[in-house]
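Shared between the two complexes below is chain A, which pairs with chain B and chain C, respectively.
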Partner chain A sequence: MLRVVGERVGHLLLVLWVVATLTFLMFRLMPGDPTLNFLSPSFNDETRTALMRSFGLDKPLWEQYLIYLGQLLRGDFGVSFLQNQPVSVLLWDALPNTAVLTVVSLVLAYAIGIVVGAFLAFRRGSVVEAFVIPTALATRAAPEFWLGMLVLAVFAFGLGWFPTGGAVSPGGTIGGVWERLFSADFWWHLCLPALTLTLFLQGLPLLLMRATMLEVLNDEFITMAKMKGLSRWSIVMRHAARNALLPVVTAFALGLGASIGGNVVIETVFAWPGIGRVLVGAVQASDYPLAQGAFIMIAFVLVVMNTVADMAYAWLDPRVSVGARK
Partner chain B sequence: MAGVAIYGVIFAAAVLADRVAPYHPTEILRANRRIARYLPISGDFWLGTTSSGMDIASQLIHGARTALQVGLTAAFAVVAIGTLLGLLAGYLGGWVDKAITRLADVVLGLPFLPTMLVLASLTRPGTGIVVFTVTALLWPNTARVIRSQVLSLRERAWVEAARVTGCSNARIMFVHILPQVLPLAALYGSVAIGWAILAEAAASFLGFGDPASMSWGVMLQDAYANQALSRGAWNWFVPPGVAILAMVLAGFMISRGSEKLLFPKLGDT
Partner chain C sequence: MLLSVRDFQVHYASRAGMVRAVDGVDLEVPAGSIVGLVGESGCGKSTLGRALMGVLPDAARVAGGSVVFEGRELVGAAERVRREVRWRRMSFIPQTAMNALDPVLRLRAQMLEVLMERGGLGRAAALARAEGLFRQVGLDPGRLGDYPHQFSGGMRQRASIALALALEPALVIADEPVTALDVIVQRQVLDVMRDLQARLGIAMILVTHDMAVVAYACDRVAVMYAGRIVEAGGAADVLERPRHPYTMGLTHAFPDVHGGTAELVPIEGSPPVLIDPKPGCRFAARCPFAVARCFAETPAMVGGVACFRAAEAPALRTAAALPATWAA
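Up next is the complex of A and B:
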């Protein structure tokens, strides 16, 4: 097992390095001079070269690459062009907001999805099923930001129950991470974005849970449990559901990585100050260091969660032998 | 069947857009000598008008064109590249297989929307970059499935027979094995259409769409940016979303339906 973990971690580092390199190439080799967006044409050549030097853009490409890798290892993403603050400070400020939004929504979505999915598998072919499955599919087919717009139109503009965007009420200040977590205002602002994301995410665990439950319910040990005269509830929840959970757990880890990146649109709709919105803002303003930092952070979370999902699967289900999967 | 019907309607709308749509999608209309802003649903304007006096129904009909264009090109490219690489990896094995699998791993490590945003901002925003990103990031899913299918097919007796009669590797791959995996590839294609349309909508919504063409994503962005929500202009922001939803859902339904037809053994779980 230890050797397998080592192998996976090695592979993970390799993928991380390739992703970091790709990002570097993407940002440096694209047509267009990054300084043109930043420097006003009124600067004379001297100021321009001085600024180029301060961002290290005058050095040959390979040297820039080595400096870049070295900085990444130290968690240094450079200085934002526009906000004149270290990128890492801006990112660490936004990351908790994204993390809270993602984790809350995912946990809700999976809790709902697992229970409803298990229930549906048990009530196969019922009227409830004919109604719930198309609905679950439809929420997966709808654009996330449009779901967000509907939620906004109903609960914020229509009924006026919730704020229309942001993470603090006007006049309030956004404090440190702990301050945020204990502020009612913060959670109140979280409701609508989290509701939207939950709606969007619940389809996958629901359908997955139902499909694997149907498979498990045909297994012999379920027949055995029925013969022992156990109650239906006990059979579904204590015997079948546990075994059907495996793929759902993997999907959860994958979903965590994927939705940190996918939150880009939801954070934009609700003006939620998370990392996706930082990326959109930086990209729109051609703030390359900030955009690059946000992009790398999102990609790293995704890659790490992919590996975690892989390992969790092998660990939870001993029938899957990791070595033989190649 | 419902899926096919939805596609039929969208296809008809796209082809006949110029005849069916009552107005030009970006024409600024007037009613009672004033610009027809925020009009509700009426006989003249089937779905009302936007904040700048454009007809929503016409925009919706013309949007079908962009959706079909983006969806079909991207899906075709995903299926073509995914099938080719999956076929090569599965049949040839060895270092080819290793290289392709590693490449797929790396691509799966790139977050979808952020990559599209960065690429769009570094080049020229437009539908081209959307199609490119969808292709570049979605082929691994198809390739993986095709690869595992090919792995089992290549051991079959008829492939062995072809090899014994002296067929070249290329002939075995493209004449003997390819037709066997095409249905599976088509299945992934119908899902990729949906992904491409969702991606286009998200890109347009974030301001990286093609400013020249009218798409459902552009309509939603326009509505969001011009207070359609606070004004309660449901007739403006609901239809484009429903159109996207219907088209993506149709892709799901077709893939599920064809799954039942093509692989009856799977049962209908």
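Up next is the complex of A and C:
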């Protein structure tokens, strides 16, 4: 088992190295000179060169790459061009916001999806199904930003129940992670973005749970459970749901990874100060270090969650052995 | 009689129409005997077995007839009565244990589930009983902690037998219990079943397509064709002196019933579609001995055989032994 975990971690590091390299190259190949954004044209050549040197941009590409890798290994993402703060500080500030939004929405979406999906599997061909499935599909297929705008139009501008954006009321301070988690204001601001993301995410677990449940209910061991005269509860919970949950759990772990980076749209619509918005701002401003940092952070979470999904599957399903030999 | 089935009907709804999968079956199972239910794929023998357990797919339903088990009528019985009978008095050994055991639960959990939820045993007693059952079917009780996929096909079948015997039923319905196994393991599993059946005095319906299995394990046999029983009687009698042409065909289509080396002869053609079956004997279209009457009237079961030419059986047997008779 230990060797297998080691192998997985090795894989993970390899993937991260590739991502780091691609990120590095991608930003160098993008059109637009970052110096244009923060170097005033009125600067003379000397100042310009001095500044370029202070950021290390005068060095050859390979040397920049080596310096970059070396710093990454030490957990140093560099200093933001624009905000003159270490990238790691900016990211650590944004990450909890994204994490809370993602985890809350995913847990809600999967809880609803699993229960409704399992219910629909039992009510196959019913009127309920004819309403719920198109609704679930429509909210899943609708563009996130449109869904977000709709939610804003109704609950913020129309009814005025919730704030229109941001994570704190005007005049408030965002505070540290713990302060945020225990602030009612923060949760109140979270409601609409989380609702939108939940609506957007619920389709997958709902349809997946329904499909796997329908499949499992046809399995011979369910027939056998009925022949054994077991109670409906035992048949559904111990045998059917337990087996049907396997792919859903994997989807959850993958969804967690994907959503961390995939919330860009919702964070923008609701001005939610998370990683996605940091990334969008950084790319627009050609803020290399910050954008790189955000990309690598997102990739890191994604790759780690993939590995977790793999291992969770092996742990839940005894038939899947991690690696060759248990 | 432990189990008496009379004019039993099971219908399947399909797009093409109603399929009469089991169409007027009579079957008797004396206490403590092994009855072979034999026939080719699609003849309705598995459906019959499942219908007796009262667990059918959604598309199927019992359409008529009577099933009297231990003096109680089961057709149309309340769910409470059915549940009382299920597994406690009548249990089931499935076709292949592959998917019949829940893949994500250890064998111990699956044994305890039956022993505790249906058998009313406490945990400690149930554990001891599970170990005893594993020993009885020739499995190491130490493997109770394994998952089904860690077992071989033969071991899974033994585990299924242990499960079926857990509550000491009076009747076990075994649906092709050895079909997926190789010949040596088949023999071992059949021996386990026969031995336990004799020791515990359990009756068994052994559903199979294999005449060799019937010859090896059964006291009595009922031959099923296209939803009906065409011949029934003592296993040795029926196998040695078949009186229905279909049974004659079956005995020549399988190796080693008599230990001889005779050429295997297939029965040409396939069974009729069971949607609105035509009148007449259902085997007539494939029967080398069919006469005009066979296509017009349905033969009734008389003296254990449903054939108009049953009186000529010895002559027909001689003819049936020649491969040329069965050439289409």
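Basically, the second predicted complex is superposed on the first by the 308 of 326 C-alpha atoms of A that agree within 3 Å, B and C clash if a C-alpha of one lies under 4 Å from a C-alpha of the other, contacts with A are read in each partner's own complex, and residues count from 1 in each chain.
Just so we're on the same page, a contact is a pair of C-beta atoms (placed from the backbone, for glycine too) under 8 Å apart; a residue touches a chain by one contact, two chains touch by 3 or more.
From a predicted model like this one, the values you see are computed outputs, not experimental measurements.
J.: Of chain B and chain C, which one contacts the greater number of residues in chain A?
T.: B
J.: Would you check which partner chain A:Q83 touches, where first means chain B only, second means chain C only, and both and neither mean what they say?
T.: A:Q83: touches no partner chain.
J.: Is A:E144 in contact with chain B, with chain C, with both, or with neither (first, second, both, neither)?
T.: Touch status of A:E144: first partner only.
J.: Could you look at A:E215 and tell me whether it touches chain B, chain C, both or neither (first, second, both, neither)?
T.: first
J.: Please indicate which partner A:Q71 is in contact with in the superposed arrangement: first for chain B, second for chain C, both, or neither.
T.: neither
J.: In their complex, what parts of chain B are in touch with chain A?
T.: 105-106, 108-115, 117-123, 194, 198, 201-202, 205-207, 217, 220, 223-224, 229-230, 232, 234, 237-238, 240-241, 244-245, 248-249, 251-252, 269
J.: Which residues, counting only chain A, touch chain C once they are in their complex?
T.: Of all residues in chain A, those touching chain C are 219-221, 223-231, 234, 238-239, 242-243, 246, 316-319.
J.: What residues of chain A sit close enough to touch chain B in their complex?
T.: 11, 15-16, 18-19, 22, 26-27, 30-32, 137-138, 140-146, 149-150, 152-153, 156-158, 164, 211, 214-215, 258, 260-262, 264-265, 268-269, 276, 279-280, 283-284, 286, 291, 294-295, 298-299, 302-303, 306
J.: Name, in rising order, each residue of chain C that touches chain A in their complex.
T.: 50, 53, 55, 82-84, 86-88, 91-92, 94-95, 98-105, 113-114, 117-118, 147, 149, 163
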